[in-house]
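Both complexes below contain chain A, partnered by chain B and then by chain C.
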Partner chain A sequence: MENRLGAAALPVYLAAGLISLFLLVPLLLPIALSVSDTPFVVFPPQGFTLRWYVAVLGERDFTDSLTFSLILSSLAALGAMVLGTPTAIGLTRHAFPGRDLIRSLVLSPLVFPSLVTGIALLRFFSSIGSHDALVNLVIGHVLVTVPYVVRTVSASLIMLDPAIEEAARTLGASRWRTFWHVTRPQIVPGLVAGGIFAFVTSFDNYAISMWLFDAENVPLPLTMFSLISRMFDPGIAAIASLMILLSLVLVLVVERVTGLQKAMSL
Partner chain B sequence: MSITDRRTDLGSPWRRLAGALRGAGDGLAGWGLVAPVVLFFAVVFLVPVGLMVRWGFYRQLDTGALSDGFTFANYIRLFSVDLYRKATWTTLEISVLTTVVSALLAYPLALVMARGPALIGRILTVVVIAPMLINVVVRAYAWRVILANGDQGIVNWLLAQIGLGPVHLLYTEWAIVIGSVHVFLSTMVLPIAAALGRIDPAVEDAARTLGASSFAVFRRVTFPLSLPGLAVGSTLVFSLTASAFVAPALLGGNFVKMLGPLVQEQILSVFDWPFGAALATLLVVLVMGVNLASVGLIERRLQRKMKGAR
Partner chain C sequence: MMARPDIELGGVVKAYHGHRAVDGVSFGVERGTILSLLGPSGCGKTTVMRMIAGLVRPDAGEIAIKGQPVTRVPVHRRNVGMLFQNYALFPHLDVGGNVAFGLEMRGVAKADVARKVIDALALVKLDKLAGRMPHQLSGGQQQRVALARALVVEPSVLLLDEPFGALDKQLREAMQVETRLLQRRLGITTLMVTHDQEEALTLSDEVAVMRGGRIEQLASPTAIYQSPTSAFVAGFIGTSNFLRGRIVLRQGDRALMESDDGIRVTVASAAAVGERLTVALRPEAIRLDLAGTTGSGPNRVATTIDQVIYRGLTTHVYLKRAGGEPLTAIRQNDDGAILAGLVPGAAVEAWWPDERNHVVAEDPA
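What follows is the complex of A and B.
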């Protein structure tokens, strides 16, 4: 299996290397800019200072939004896991009429323009008098993150031979006992990966949040967006760097827990 | 228990009934498991989106109230006013360009991920997926710094080092394309890499043994077999680019208008809900149309292949 690229290997590797640079440079750049000891963002960065990080951590807009986003995304990920796990089991372990239709419906937020979902929800919530921004945002975010949990949990279930579950049932275990002792341990990695993807997707969501936030509840991406247009010192790069580091930690966690390739497949 | 056992032994009609009942029980359990999600999607997805589509057929009166009944006025305005026609066209153009560029860049990465040494494959997977998890606003910010016009931009700084004049990049269609490719490249690479991974190496070996050059093997064997992955990736990238808001807003500014920012403007600044709803509906039709067409294409191909196999 080692290196099956044949004689064309060198140009392909070279191209892959250059494209990797294209992917990585914009992620490393904010880190370089954030330590610049200048009143404005400049390239190449000059000097070295961590004062922008100190300044940013004292910025109320940023810390409030960060706290709010952490709460929002945790709730959304939890909701997606609670709603997505039985869905994945139903879709992979049972045959029933309408199953393909329901699978398409549940996965549709992955391609349906979430900008439009956001508009529809904004109208809907105001027409039923639901004005709590946190509740509205959690509902909107669960809607767009459920597919990730369904995907990763389904992937774990597909790899688990149903014969093992059947064996447990034949030996007299109840449905619930079978689930708890046989199925559950097998789907935990998929569930964790799905939960992390749900969290990150919610944490980065802009298209739903831009319609459902209010003055007291502003998710972090929206604060970032408005800071970009009114803040020109390296503090904005420091915020960007903090968010990049947080995401990288999560990537490495997923890679350790399930293996990224597995988590992203299907 | 014993009674049913004896009954099932009585003959095939009973057995079939028992089988059907068991099947029905299984189906019932399946429905029970998916019922919560179906209810949730019906209430906060299907109904709100349906209502929004209906809004596109109302009209906003000058008093701010809404007209009764059913009118195509919003759609007539959408297709007759230059600004909106142009935004639709720009959206299509940028989405197609982004899809094509992503596909071109995706193959080398996917080939190395699927065929290269295991360690390099793992590293590349992290490199490809890491940007996916980084906020779109952060990435658009980085691209603003890289592409900035005048002497502040990094591209222009690099060009100046080798004595080339400044180029105008930020707030052009290409700025949006570059930013969008960066945002969605992973979405293209993963399905292609998965499709490449499913190809039986023996097929390529056979072609090579029969004297095909590396390029011929790729063009005649590997590439055609990876088409399902390319179709999935292209559909996703097109859909996501067409309905994006952040990248067009931060990289295109007021100079290049796509449908996403236009919808936002109509609803949050102009407060013309019915027209905003019509624009949003157009976006949905565009995106879902491409999705359905692509699914249809893949299925037709699969059917043809199955007929060919028989």
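What follows is the complex of A and C.
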């Protein structure tokens, strides 16, 4: 490949390398620690073993919580997709009074402190007498993950030439059939990307979950937090490594489906 | 009895934010003919077409297709075939899928769909490419697919929205000829929107020149070019020299007008002495005498050559009169050579046959 940087190449590569290192080391460290053949977390890690992974996967607290989080995040992602898609279509395709205000409100969870959202939701749920922790958690997570779907689906819609939908209409397709046969196939990549972002965001959420969980419904981040305070072996690093792995897989899926840059843009 | 036109518009109005983009448009497109809506951008031509397609709802007026009022019929039940500026092919469907779309929406049986798709693609000479995706096609091929897709459903009328604008010159001319032949063969009533006057003149049976939401003149291409009724049309279709002045003498049905800068021209006009007129004069009507003053009388003027621009087939000669007023003449080149003596600074006598003086309506401004 042609090198366009010329004399500036070395400093640029050096800086890029350092930044990559800065981003990667915190992720690689738990993986290195998790295979350490020592009863405690030590640095540098010594030996190699996978027994901490076996131990962690045998830990009921962890596996129950992992299962619960997978269910919770799947439901949250599904909810965000179901609510976010029509929202994105309305916000990008129709001009109406107050559109910018509504867009800001829909996207506000991205910038609003979710700790505060969590308290507000807790008070709200108790005041209306909603005591099912799973339902409450799903609602809370949908609230904070909808913006991701709205953004990615909007990005797909903006790139879709409206003339394509008009062509479908002139060819005899009603509004609904135009959406189903023409618009939907175009926004699927954005929808999948948005769903995955929603899933990851929900899976990782602590600030909302800590207000809404109960003893039977404990999302994984909360379990991890309590495990850290009573576990001193590299098992905790193994849990961290498993979560990094899961995120990595999902990011790769997004990259394959849409391209990360495209999915993030708006 | 004349059949009713296939497309009829009566008093159609559309306003955006209080501005009348289309301001009372009425016309008809006769069966089997092509009518072009021609005008500068923002003249409302595209809005008129979109209202016929049903993509825009008119504020007032009536639209009928094949004698049926469609003003309140939704787009997908109007049975129009429309060709979009950038073709608007469905990017996720292959060529066959694109062409089949309209048939599938109409619930045509699978076997018939396959046969009709093949036939339609054969019509535009693309039957070998049915399996390609749109992004694998050239601009010309995409255009043909769009045309096949619009025609396969046997639409009542065909609407072409700046259909050749995205193609380069060679291909554009080829596609224009091809489209015209196809339209003749199928005998399909067609409305085209374009800002390209050459395209409008080449392809149309009738041309409607639009301006500011209204139709300025609707006539055949030759009539539009030879007898423009307004200064706007005379200036927009081709170029014109404009002479503005007063009638100074009447004789029968003819009158002598003297322009404000002193050129005397004879015109066919019933205007009374003293009335103001505008005369449009085509540059190609102007003959040039290099010998200097050879005669007197109307329809001639002494000038000096300001600039000579060689255009291959023609030479554009920019003349200046004694007072500096410009006059443009276009002469055909013999064997590709510029007429001898046409050099800047030379004195020439410009004259023209009096039947080339056209009285046009002045802009309402």
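Assume the second predicted complex is superposed on the first by the 258 of 266 C-alpha atoms of A that agree within 3 Å, B and C clash if a C-alpha of one lies under 4 Å from a C-alpha of the other, contacts with A are read in each partner's own complex, and residues count from 1 in each chain.
Quick note on the criterion: a residue touches a chain if its C-beta (ideal position, glycine included) is under 8 Å from a C-beta of that chain, and two chains touch if they have at least 3 such contacts.
Computed from a predicted model, the values in this text were never measured in an experiment.
> Touching A:Gln186, do we find chain B (first), chain C (second), both, or neither?
After superposition on chain A, A:Gln186 lies in contact with chain C alone.
> Can A:Glu255 be said to touch chain B (first), chain C (second), both, or neither?
A:Glu255 contacts chain B only, not chain C.
> With both structures fitted on chain A, tell me whether chain B or chain C touches more of chain A's residues.
Chain A has more residues touched by B than by the other partner.
> Looking at A:Ala163 after the superposition, I want to know if it touches chain B, chain C, both of them or none. Which is it: first, second, both, neither?
second
> What is the contact status of A:Leu171 with respect to chain B (first) and chain C (second): first, second, both, or neither?
second
> Pick one for A:Val54: touches chain B only (first), chain C only (second), both, or neither.
neither
> Using the touch definition from the top, say if A:Val41 reaches chain B (first), chain C (second), both or neither.
Only chain B is touched by A:Val41; chain C is not.
> Between chain B (first) and chain C (second), which, if any, makes contact with A:Val135: first, second, both or neither?
A:Val135 sits against neither chain B nor chain C.
> Considering each complex separately, which residues of chain A are in contact with chain B in the first and with chain C in the second?
none
> Please name which positions on chain C make contact with chain A in the complex.
53-55, 74-82, 84-86, 88-92, 101-102, 105-106, 146, 149-150, 153, 159
> Inside the complex, what are the residues of chain A that reach chain C?
The contact residues of chain A facing chain C are 161, 163-164, 166-174, 177, 181-182, 185-186.
> Residue numbers of chain B touching chain A in their complex, please.
Touching chain A from chain B are residues 23, 26-34, 36-38, 40-41, 44-45, 47-49, 51-52, 55, 105, 108-109, 111-112, 115-118, 124-131, 133-139, 141-146, 152, 154, 157, 182, 185, 190, 194, 201, 204, 208, 213-215, 217-218, 235-236, 239-240, 242-246, 249-250, 260, 263-264, 267, 273, 276-277, 280-281, 283-284, 287-288, 291.
> In their shared complex, at which residues does chain A touch chain B?
Residue positions touching the partner: 1-8, 12-13, 15-16, 19-20, 22-27, 29-30, 33, 41-44, 83-84, 86-87, 89-91, 93-97, 99, 102, 105-106, 109-117, 119-121, 123-124, 127, 139-140, 142-143, 146, 175, 200, 203-204, 206-207, 210, 220-221, 224-225, 228, 236-237, 240, 243-244, 247-248, 250-252, 255, 260-261, 264-265.
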